[in-house]
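Shared between the two complexes below is chain A, which pairs with chain B and chain C, respectively.
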Partner chain A sequence: MENTLPKIVRKTSPYLRRPKASVTRMMRDVTIALLPVTAFAIWKFGMAAVVIIVLGILSMAVTEYIYYQIVDKLNDEKFKFKNKSYTLYNFSVVTSGLIYSLTLPDNTPWFVVIIGAAFGVFFGKLIFGGMGQNVFNPAALGRVFIFVSFGTMMSYDIDAVAGATALTVLNDDVFNIAVLDNFSLINLFTGIGIPGSIGEMSAILILLGGVYLAFRTSFEVRIPLAYIGTVALLASVVAIYKGLGVWYPVFHVLSGGLLFGAIFMATDPITSPITKGGRIYFGFALGVLTFFIRVFGAYPEGVVFSILIMNMFVTSFDYYKWTNQQITKRQKIIFTTVVLVTIVITIVGVSYVG
Partner chain B sequence: MSFTLFATAIISAMLINNVILMQFLGICPFLGVSKKSSAAIGMSAAVLFVMIISSAITYTLYDLVLYKYGIPYISTIAFILVIASLVQFVEMFIKKTSKSLYKSLGIYLPLITTNCAILGVSEGNITNIWVNHIGDYWGGLLIALSTAVGTGLGFGLIIFAFSSIREKLEASDVPAAWKGVPISLVVAGIMSLAFLGLAGII
Partner chain C sequence: MIKKSRKVRDYKALTRALPTLRYLNPPSVFIHLQNSRCKTYNLNVKEGDHVKIGEVIGIRHGGFFEQNVHSTVSGTIGTLIKKFHRTGRKVDCVEIINDYKDTLHESVFDRTDEEISKLTQNEIVEIIKEKSLVGLGGSGFPTYIKLATKDKIDTVVINAVECEPYLSSDYRLILEHPDRVGMGLKYIMQALNVDKAIIAIKSEKDPLYEILNQVLEVRFSDLNVKVAKLGNHYPQGWEIEVFKWALGIEVPFGELPTKYGVIGFNVSTAVGVFDAIKHNLPVIKRHFTMTGDAIRFPQNIRVRVGTSVRELVALCDGYKKELDEVLVIMGGPMMGVSTVSDDVIVSKTTTSVIVLENIEYKEEPCIRCGSCVYSCPAHLEPVQIMNAVKRNDKAVMKGLEAFKCIECGLCAYVCTSKIHVTDYIRKAKRLIG
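Up next is the complex of A and B:
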């Protein structure tokens, strides 16, 4: 009797609709798009970058390998060298490891790299049931974990100038045009001659990867557009309010990990909403959080934090009562109201910061 | 005493000093009533309601009675007694007057009477706000109410997100040993870790 019942096959995300789309193709594309950034990091930092990247990818893959071997052992299965659960074969774990390593500062000790990678992949992915079922982005989780636990150990290379990254300088003195003396916009754009995390510096190479992914339709364009657009919008509002000039929004977009996080981390298909409207709201909320943490918060950079915070609300965006693939007029009005309220809050906050 | 002060109090209590993820109060309803989203919404509405009336009553009690007659040290006992009897009274009142409201709200009310989040907000009101507004009863009361509204909204936001994550996890292939409460605790820990990023905004 039970065999005649129709069986419901539940698929895990990413839910791909496009023709020729598959997880392997998508993850391989992300890895290819990351290659210029990786090459730039290795060219700039030499062995330090190589060690961080190799350790990051290896420790994620090895953690996963050991985990599935133990699971097999507990299920009394015979030892197999290969297991279909390894996400090494569809590049998923390689992508996570590469993204994780590229967000690290160049002076990170080797054991910190290993701890963060193992924590991120185990608590972010494996115990949720593996690929496609995780709630939080493993790379962002590992990065935040070591940032909170080993914050003082991860220093930036201080050969360039003042000994701090552009956003650290900005965090001390929020509206000072003097930051441009040390960090000119063209340097921030090309990534030459500025300190920072090993993969987050060169804006043009990150954008190159983003354009490649957009042409291969391997990622969701709405999220990075909404994300970067929101940060630019809020920074422009602040610039107009304080009379700062056009450098301020451009500086916010180019500096720190914003472009990298928006293009490679926020677009993770598993930890982002399913609907169009949900994705726009997701990107908007990421932008607001990032900008607020940068300008008002205690930490200089808020990209990974805001990605982790918004990951926990992804299932709320996908809640069945208000998910809708069509964007109606009413939703547009609501969204406009939300944007206006955010702008008002920003101006009020800035007037208090001074 | 301006409008931005109240807005700051609401945002601060809602996001930056979130009652669950930053102050670790109200964990029992957070874990107990978050299996279904509908239950979580009802619970957070009840918490918001009780929080507002209880902080108004306790602030008034402290300002006009306990401090005036020199017995502020019994505030904890007095607050517990007042909140518990008040919530029971409100529950009876709702049961008599509105059946539909009782169905959506009333069943959660007895759960919250002895909740630490409610008492925490009341105590926080008198330790943080009251000291700065000695003698200014209405100003302090308004800030206490804004804090209560913000805390209730923050509670609702987090418990709703958590319950929808738990509904998703019900269908995931979580290993047997981690199913149910353990994976929920891991999720709660990661949520708390993420909210550290908001530190220092206000």
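Up next is the complex of A and C:
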């Protein structure tokens, strides 16, 4: 009788865990949220999109696999086919690879896709110690690397304007409503008939993914709201100052990689601040940077750049001397001041540019 | 999952509807002579002595926390042995072999209502101190110190929230003896000279709401007592949260609630006050929950203080046979202490024993989702404290105010990566302690 009794083990409280909460669920949700966008990309670009997506995911996964095998080898561990640090099991690497692929133009050469993916996952994630330790978003890092290094090899599909996306046009001729002749807002919204990266075109499908993630609480909805809201706010300020119509802010929000970046890249929890307040300020800073790069910078698009730049400042958002779980009154005052100053800077800047 | 989550699955359905069993005559009881605050003791009796219920058999020394040790059965003193206490340590216990006669000691007598109505604050405090009543919700803080407060109190709050999952002993206590709760509350109000009181319950406990209101209306119509339904959160039963939700008073960290005119007592403590004042009786029995998913028949049991948990496990038909490993937890599953053996005793502050199947949770790397930060009731940032502990950065631990942690366990509960965050915070508290 005695030996049939269960063994009593000792642990520390709490003994319960939230059912259903897991990293896999969160990462898988992001992948699921990306499916409509992916399907749209494949529908529009056919094999080209399939090749880019498959290559992107595979090369990230393989890089990670090789990396951990080498690490094991260096630590004199026995060869294991499966490694516990390997993040294919919890969809993390799949998510990164998919996001990365979807930000590429459809005519990206295959070796560029591979180089960018390998670079992104190695320098963006593995070198910092793997999942949960990375400073930079691997997808954004890979994307920026190939954009800077192989920029000439990728050009957007020539559709209406020679070699230009909606934002390139806007960058050349900042405040001209004529841009709408080529890219109507409804086209930008649905993604039909406009050039761009394979996954960044259809605003409605991206938003659909965002709504799904919000319902599943798998991402922090404050970041995209603050991000997109800030861009819209600054664009509205410019529109009012310049006497442009409502089309201007709407155009800014819908074009380029803003929605995609805000919903799928900026919200990566590992590379964003940890507090509610911090996340809002992070989104705001992203919005400001993106808008400034778009309007004042040399590049037509600033989403991935601003995400990478802000990734570096995440630790300072979380610095223990001013971080707070709640949004304090002091934070509110400072934030309001910063917003007002930004608006002033925008107006001053625009009066020089325009 | 990134969200503020203060909902904890409560599993109370296992025992909530079950009537309380009585297991009041164990063959022998074990009275612990030490606890976490009192390390030394005097024992006035020796082996073979005959004692009666309520008799003082010794004193636990510990400054403020000094208290008399009472016998909870009548019978003969056995040997001194070491047994596990609620705190998880082995402490000296004295065995009293039950003679099943239930003879009351001479000090136990009933006071008439008239006598009671004449008692002053000091007299009540003296009685409570002599009967060594402590916070029976688990804190073990001496009640006499609370009652002796010199601050002006506006409201007495009776905490019947019982927010920990699985527990239902307070629920059954109110359901079965609402009158005792009311009487206890009346005496507390008399001692503190207060005319306003609130009984805080969880909003989902509707039967209690009706019963308490009925009893208050019929029997205590002279008292200004309200029953407040609080939200179904965890840790709603934390005193600070109770005050915040029931009265809107926010007591800052490190300050006594009495300064803000409120004072809180657990329901079982209120019943203890009733026993002490009315019958001049120390806590000799208590409502107790034996539950969990690894026990065959979860039960609410009224037990004698000092009963061995092993007997109670047997009373519930033992552990589920198919399990290899179980956890035996004294107290709730969020904050309770896990013991290495079921050879523990029910002390007066033990609300429950929970037997759970041992599940090894697989920890994944932290993905900084922030659920712990959003959920923390003490407004801390658990994940950042955890990272500071990992790199042994004491300045950051202090800066992030790790000492404010109440160890409610919510951060580990909500963790997406199933990391035992609470343990890291505990470590931080020790490091900067």
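Quick notes on this structure:
We take it that the second predicted complex is superposed on the first by the 329 of 354 C-alpha atoms of A that agree within 3 Å, B and C clash if a C-alpha of one lies under 4 Å from a C-alpha of the other, contacts with A are read in each partner's own complex, and residues count from 1 in each chain.
To be clear about the criterion, a residue touches a chain if its C-beta (ideal position, glycine included) is under 8 Å from a C-beta of that chain, and two chains touch if they have at least 3 such contacts.
Just so you know, these numbers come straight off a predicted model, no measurement behind them.
Within the superposed three-chain model, A:V148 lies in touch with chain B and out of touch with chain C [touch as defined at top]. After overlaying the two complexes on the shared chain, residue contacts for A:G130 are found with chain B and with chain C alike.
In the superposition on chain A, A:I293 makes contact with chain B only, not with chain C.
Contacts of A:P269 after superposition: chain C is touched, whereas chain B is not reached. In the superposition on chain A, A:S218 makes contact with chain C only, while chain B stays out of contact range.
Legend: residue contacts after superposition of the two complexes on their common chain; A:M47 is shown touching neither chain B nor chain C. Of the two partner chains, chain C is the only one that A:Q325 touches; chain B does not reach it. Contact with chain C, but none with chain B, is seen for A:N90 once the two complexes are overlaid on the shared chain.
Looking at chain A, you'll find residues 10, 12, 130, 133, 318 touch chain B in one structure and chain C in the other.
By the touch criterion given at the top, residues 1-3, 5, 8-9, 88, 165, 294, 318-321, 323-329, 333-342, 354, 356, 358-359, 361, 364-371, 373-374, 376, 379-381, 383-384, 388, 395-396, 399-400, 407, 409-410, 412-418, 420, 422-423, 426 of chain C touch chain A in their complex.
The touching residues of chain A, counted against chain B in their complex, run 10, 12, 71, 123-124, 127-130, 133, 135-136, 141, 144-145, 148, 289, 292-293, 296-299, 302, 304-306, 308-309, 311-313, 315-316, 318-319, 345, 348, 352.
Residues 4, 7, 11, 37, 160-162, 164-165, 167-169, 171-175, 178, 183, 186-187, 190-191, 193-202 of chain B are the ones that touch chain A when the two sit in their complex. Of all residues in chain A, those touching chain C in their complex are 4-23, 25-26, 90, 130-133, 216-220, 269-270, 272, 274-276, 279, 318, 320-321, 323-326.
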